[in-house]
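Two complexes are shown next, each including chain A; its partner changes from chain B in the first to chain C in the second.
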Partner chain A sequence: MINLKARETRTLVAVHGWAGAVLGLLLYAVIVTGTAAVFANEIKLWSGGLLGTSEPLNQPLNAVLLQLEAQTPEQFREDLSVRAAPSGNVWAFFHTDEIVDGARRERGILYTIGPGGKILSRAEGLGDELAANDPFTALGRFYVDLHVRLHLPNPWGLIVTGILGLAMLVAAVSGILMHRHLFRDIFVLRGRSRLVGLRDLHSVAGTWTLPHAFVLAFTGAYLSFAIAVGLPMLAKIAFKGDVRAMVTTLNGLPVVDPRPAPSGNLDDVLADARRRADAPLLFAGWENRGRADSRITVFPAPRSGDLSASRLIYNGATGELIRERPIVGTEPSLGASLVGLIGPVHFGNFAGWWSRAVWFALGAASAFVTWSGLNLWVRRRADQRGWRALGRVTAWVGGGLPFAMAAAAMAYFLSLPSLTSVFWTPVAFLIAAALALVPALTMRSIERVPPLLFGATGILLLTLPLLRAAVGGPGWGAALAAGQGAVPAMDFLIVLGGIACVLSAVTALRSREPATFGAGSFMQSAE
Partner chain B sequence: MAAAKPSTVRPGRLAPWLRALLAGPCAFGLTALIIAVMPFWVPKGSGGVDHIAFPLFFMPAIWAVIFFYAVLDRSLGRVAMVMTAIAVVHLVSLRGILFG
Partner chain C sequence: MMLLGWLGLSGALVSAACIAILATIDPRRRGVARARPGLRRLLIAAIFMPGLALGAAGRWSDVLIWVGAAAIFGWAIAALANMRRKRHHSP
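Then we have the complex of A and B:
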């Protein structure tokens, strides 16, 4: 299909191979955790055990917020953010901005409001730290943080995942260019030789997932580099270091009028926003409360059929709509549309459950492509000691990562009653990763390591719904009555996943010459 | 026998490392330069933000074009010259923008 000269093809094969060999294991980790993160909100809801409502911001809140304001120290009443928590409750954060170590951060009081205005919890501190220490969302946040920055400190974690995104882009583009018969080869699976069979599986899976891999690599690299590198660099150069000027350009010029003014009714604002957006509301930020320049910015979910949503800006004193604006800028523009596409396309949430299910499946396939590529690389160099060592590491990471993620989930549930899940979830991940190293280092046949670990993963997955119920998680009836169908759905899918892991492990371990995800003859092209 | 073309890369130990240097750190640096100057020539658009949004959005694509060019062009010298020329143009522009 794409005719390149032999030299260019050899170069692309080398680039494709070396990109995978050097960065493949980290890329595999990012892809696997990203696949799980597609359902991060559902994981938080399923694991948190706090049953809220399906649209937390679609209920009367003004009265309870006024009560909470009276209980909140005056210095924190300046701003208020109201967020739909993954559990279906409402997070109300009364806060003020302060400078900590040269950076602007928010400090205040965080209340969790359940259905009917019931106050579930109260905590004081910096907003990002309060969120990071919430025990009920620790599991979902752990998977997301592992995906976004490999749990490395900012900005280094984002830079590393940005580089991995570019590596995936290189692998995808070189993969397209170096295939002479791209469309014919996606149907070729020859099973006679293990190496040839694995190569064909890698090639077929890689080709089928190419568009998805390209898009995710592009958007993932953008998301990492834009925050860590791009925006700070543009602030320094295009705005000569004036971050406020850049924020004003991106968000519009704020009106300053410090005269006292009564606060509007938040319920009226949210009801109007819900009607205009025709979609659930996700977040509302209320700034300069009690002043004439008070503003309420409402962030709705995208309307059905739309990829991104506009933000609604209200006068916080009168409750009147000032304007709708896109994700960046004050008016719709091509730039705003492009930036607005990044999130839905990367997260796969542009068409509800269906698009996310497809993204999950394609993510799993991409993880296989990455891992099988590494296996091909080391098998071809099995006579070299250094590459054989990489083979053991590949087996360890390939099977050990899902095992450690499942162990982290198990530890999360076990530690949730004592509210120590923030500590034990990552610790269990590390312990399980270390345990997975034992078979990887000691077993003679490296190829039996991944199915063994997959089998162990499956067993852990099968215990999770039972653990969830044992630590007081809601039953299916209560979840469905609260409109939280994700709870039984997740239980079912996790059991299904566990069974699949166990069966595939048993099949692989029983076969005489266990070929990791061994190829069979499925389809043949006419040659 | 055809005479060797002056632009043909002669195999040598340094060549792969030089190409890795051009396709690696130099490609990153050139991308950063291009992104830095883009806000000054990309139109602001109807929302007044295209000059910021476009460089950020196209950052991975710009890098990929530079990377694959550095990897695939047969002539290492030509790759170096082209990348240097683009870098010089952008550096001169940046100097003019920042220091008048």
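Then we have the complex of A and C:
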């Protein structure tokens, strides 16, 4: 129990409430999409319909890469990225750096290599644009981009989500301080029909998910600001904007030796990396190919039970290991360990389905905390016209966002056969969001809007596995034979989510009383 | 690593059992005077034991799964305990 003076409590209530009222809807959107993005790779695999292998970089690649190199124009052969695609195929990107609008970007040719070295596709362009135009991962990328940058241009989207992370931290800290009996009331729920009951729902859910809220808010803000501000600023101040020079220095390998040299065998390097890492490999970046200072940096997944993994740096000419290094610096350190924790703790990807399932549930709980907090705020001000409008917007976003996300998935599958999913996925999201606005603006009882939209979301979710199969998605047998258990697992989870949405909507619509918005006092029992 | 995830979940279930007992005897929820503080303290300590044991064993992935799953179970238990209460109280 924390005893504060009445004035201090009032200030904290104001900070908590206004932080939520001003940024709550955006925070809700970031949390809901982040909850879906926990399964981003599984969504990409499930929706893409391309069945590769479970460990794509565990196949002979050197010969096929030499063959592709011969087909690639000379100017793009300097660097090569080899990535395990979510579908289980391999993306091989021969590229070179070029300056576009003052920023260093990678231009080259992207090949998709399927099982057995079969070339599935070839595309030329800027690396980030090629990734953004891939129709088979459009759905997963749409959710992730909505979560990471709200589809705002760089760096503003990241800055906004970073600020939202800080707002979540502020709300969590002020929430602890202003609720005198936060932990004593941890089991007290007095029903949602009254204002005090809604407050209980908000504070009890908030208390149980408090550690998670802290961790997610901090790591999310860190990731946003590090990418948008920290690293570009470091490159600008210390390396005159030369990102490559920064990376080379951070790797501890600043030697420049442009003499020609033969290239090592990538298969040998990957086999050695796999043996040392004792885990699947995710990515290999090969710089300065054909030169004496050529380097191959291999990024493995963490070993089973570990939270982070070291990077392995090889001499690209001889294929010998130069060093194993942590995420930051050249030697293991406490700082490197802490930075290495940020990714897995934020993404929840450190223990396969187990950690993802738990992180998904915690994300859903955090979304509920945000939404119930907003509802509480507007209900207490229901006698004021402006706040009533926010109540309608809250109902629209609360129920409309999941509905629009499900509609985007539906449009994705419908447009996948014509390879127009990159266009139709966001367009369907916007159309569905506009449709959801109709009941939010016209229905007399605002409280009935979210259950109605949740019911519609559930129906859309239930149709998704059928739609996936109808447009030629792989069956469960084929997926399991390819070692891609994520396909049946995602089908099952989507159906489960659909049933949960429909049932909760039916229950809420049956039991919900007419709108009970009343003007509660500003200071409730929390104070 | 052997039993990755299973140990975290098992620890969370043990913690959830303690949380459920704590919810059952919670005086604030039942609206009665405070009673049995010793038992409550014991249960609170027991809730954290699985996490401490996993941490001592260096199973950090399982620690994270434990803390997350125990929080979700705790929230669910709080909701269920009050649903039962409402049913008992309804005419």
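Basically, the second predicted complex is superposed on the first by the 491 of 527 C-alpha atoms of A that agree within 3 Å, B and C clash if a C-alpha of one lies under 4 Å from a C-alpha of the other, contacts with A are read in each partner's own complex, and residues count from 1 in each chain.
Rule of thumb we're sticking to: contacts are C-beta pairs under 8 Å (C-beta built on N, C-alpha and C of every residue); 3 or more make two chains touch, one makes a residue touch a chain.
Since the structure is predicted, the reported quantities are computational estimates derived from the model, not experimental observations.
Asker: Which holds for A:351: it touches chain B only (first), chain C only (second), both, or neither?
Answerer: Only chain C; A:351 stays clear of chain B.
Asker: Tell me which touches more residues of chain A here: chain C or chain B.
Answerer: B
Asker: Give one of first, second, both or neither to describe whether A:331 is in contact with chain B, with chain C, with both, or with none.
Answerer: In the superposition, A:331 touches chain B alone.
Asker: According to the stated criteria, A:11 is in contact with first (chain B), second (chain C), both, or neither; which is it?
Answerer: first
Asker: Now for A:26: first (chain B), second (chain C), both, or neither, which partner does it touch?
Answerer: neither
Asker: Contact residues on chain A for chain C in the complex?
Answerer: 181, 184-191, 204-205, 208-209, 211-212, 303-307, 345, 350-355, 358-359, 361-362, 365
Asker: Per the contact definition, I'd like the list of chain B residues that touch chain A in the complex.
Answerer: 32, 35-36, 39-40, 45-57, 59-61, 63-64, 67-68, 71-72, 74, 94, 97-98
Asker: Within the complex, which stretch of chain C touches chain A?
Answerer: 1, 4-6, 8-9, 22-23, 26, 28-29, 59-62, 64-65, 67-69, 71-72, 74-75, 77-79, 81-82, 86
Asker: Sort out for me which residues of chain A touch chain B in the complex.
Answerer: Chain A reaches chain B through residues 7-8, 11-12, 15, 165-166, 169-170, 173, 217-218, 221-222, 225-226, 229-231, 233-234, 237-238, 240, 246, 249-250, 326, 328-336, 338-339, 342.
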